[in-house]
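Each chain gets a letter, A, B, C, D, E and F, in the order it is written, and its residues are counted from 1.
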Amino acid sequence: IEQMQVRDSLRMYNTLVERCFKDCVESFRRKDLDATEEKCVQSCCSKFMKHSARVGIRFGELSSEAETQMQQMMAGQQAGGGK
Amino acid sequence: IEQMQVRDSLRMYNTLVERCFKDCVESFRRKDLDATEEKCVQSCCSKFMKHSARVGIRFGELSSEAETQMQQMMAGQQAGGGK
Amino acid sequence: IEQMQVRDSLRMYNTLVERCFKDCVESFRRKDLDATEEKCVQSCCSKFMKHSARVGIRFGELSSEAETQMQQMMAGQQAGGGK
Amino acid sequence: MAQQGGQDPAAAIEMAKQEMDYRVALFNAMVSSCYEKCIDKRYKDGELSVGENSCIDRCSSKYWQVTGIVGQMLGSQGGMH
Amino acid sequence: MAQQGGQDPAAAIEMAKQEMDYRVALFNAMVSSCYEKCIDKRYKDGELSVGENSCIDRCSSKYWQVTGIVGQMLGSQGGMH
Amino acid sequence: MAQQGGQDPAAAIEMAKQEMDYRVALFNAMVSSCYEKCIDKRYKDGELSVGENSCIDRCSSKYWQVTGIVGQMLGSQGGMH
């Protein structure tokens, strides 16, 4: 489990780097990021993390709704099966 | 092997969901899919599965052709090597 | 380690095939590659391998720079911690 | 009982691991799909706008519904069990 | 004989597993690449048209040929063995 | 000392393996990101032009800097350790 968390945070890290680099860095006239690019990468990171957290909350809600429905359905089937 | 099949069918499931969501769902004014979106997802799934099956057949043919060629080549090399 | 190298060269192989197919093959009127497509795939492969090698060199340089900096920082912290 | 209630504990652990992997993959796909659909890529600041937030909620809900439809379609073809 | 006919059965199994993984990855890449190239994304219905079907056949064939060229290119550089 | 200097050798090997995997993933992502940004896809020949070569160098450097910024951002949120 711990290892999965490490793996997932590394995965998120890589995803963030790829995405924010792609969206923020367009010019290759210099070898260092300029202030605008740096700021963009920070905003991109921040937005992605907030986005990911919000999807996480919704995902949790949807999962537990689905589980409840599943249990009701199975209970219904068992009752039906006993007829 | 059984586990690989489970893994692959889960992989296909995820691929299908991602692709059909991307191609079919454009509007986020409501929280439920409308009839057009639902129909689109169904057609998308159906097309993807048929596509995947057809590629599978071709892949099998090409693989066995290649294997035959390989065997002929190796047989040829061995004969050549014995000269 | 050896297995990782095999895995990585297979990964690179797949990446190359996907990319060069995508960039070079546009027409499906025939079932065989024409001379232009074949030439394009070869150039694409060659460019990708050279690109990948160059990024590899830079990656090595950047990694060892970072390691040196890290060691200096840790040495600095230890000295600071001993105050 | 047959396949599901298998007696082999190693297989059960493997099953649970795959279930977990699948949920992680589903979540990650939902994150990137909804990011593509909802987020303004100009990155003026690091906050989500009101519009982005409500788009994320609806997108998550619709994405989930798509998993349901796809599951049914695959199930009806014997692709899943 | 050296590397190929190795005596270690675990290594042989691992080798076979990688060969299998590679074929699965190749097939999956072929599926998505040809989907991109051949399929009309308007999804009016769930059937493949005649044009799509013949495109799939040619695409599969061309994709396979590309694997051959790439294999030769990598092989000539000592990248593969 | 706690977590980092763990006594369990299996965990240490696993840690090293993950570190390695991470570096490989980082390198692969850098290769494709810079390929997208720098390489002319018309493939007139198999050589990299002067412009492409210098773009690759700058791109690698900027990509590396982005990993630094992202690392800091994740670290400050307790997302990494």
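Just so it is clear, contacts are C-beta pairs under 8 Å (C-beta built on N, C-alpha and C of every residue); 3 or more make two chains touch, one makes a residue touch a chain.
This structure is a prediction, so every number in the text was calculated from the model and none was measured.
*Asks:* Quick one: which chains contact subunit C and subunit D both?
*Replies:* none
*Asks:* Chains shared as neighbours by subunit B and subunit D?
*Replies:* Touches both subunit B and subunit D: nothing.
*Asks:* Minimal path length between subunit D and subunit F through chains that touch?
*Replies:* 2
*Asks:* Give the label of the chain whose average Cα location is farthest from that of subunit F.
*Replies:* Centre of mass proxy via C-alpha means gives B as farthest from subunit F.
*Asks:* When the C-alpha atoms of subunit D and subunit E are each averaged to a single point, how far apart are the two points in Å?
*Replies:* Inter-chain centre distance comes to 27 Å.
*Asks:* With chain centres defined as C-alpha means, what is the inter-centre distance between subunit C and subunit F in Å?
*Replies:* Once rounded, the distance between the two centres reads 10 Å.
*Asks:* Residues of subunit A that touch two or more other chains: which are they?
*Replies:* Within subunit A, the residues that touch at least two other chains are 24, 42, 45-46.
*Asks:* Mind pulling the residue numbers of subunit E that touch at least two other chains?
*Replies:* 38, 57, 61
*Asks:* For the protein chains shown, what form does their contact graph take: line, ring, star, complete or other?
*Replies:* ring
*Asks:* Name the ring's chains in order, please, starting from subunit C and stepping to subunit E first.
*Replies:* C, E, B, D, A, F
*Asks:* Write out the stretch or stretches of subunit F touching subunit C in their complex.
*Replies:* My answer: residues 20, 23-24, 27-28, 30-32, 34-35, 38-39, 41, 43-48, 52-53, 56-57, 60-61, 64.
*Asks:* Using the touch rule from the top, collect the residues of subunit E that touch subunit C in their complex.
*Replies:* Counting only subunit E, the residues touching subunit C are 14, 18, 21-22, 25-26, 29, 33, 36-38, 54-55, 57-59, 61-63, 65-67, 69-71, 73-74, 77, 79-80.
*Asks:* Note which residues of subunit B are touching subunit E in the complex, please.
*Replies:* Touching subunit E: residues 4, 8, 11, 15, 19, 23-24, 40, 42-48, 50-52, 54-56, 58-59, 62-63, 66 of subunit B.
*Asks:* For the complex, which residues does subunit C have touching subunit E?
*Replies:* For this pair, the touching residues of subunit C are 3, 6-7, 9-10, 12-14, 16-18, 20-22, 24-26, 28-33, 37-38, 41-42, 45-46, 49.
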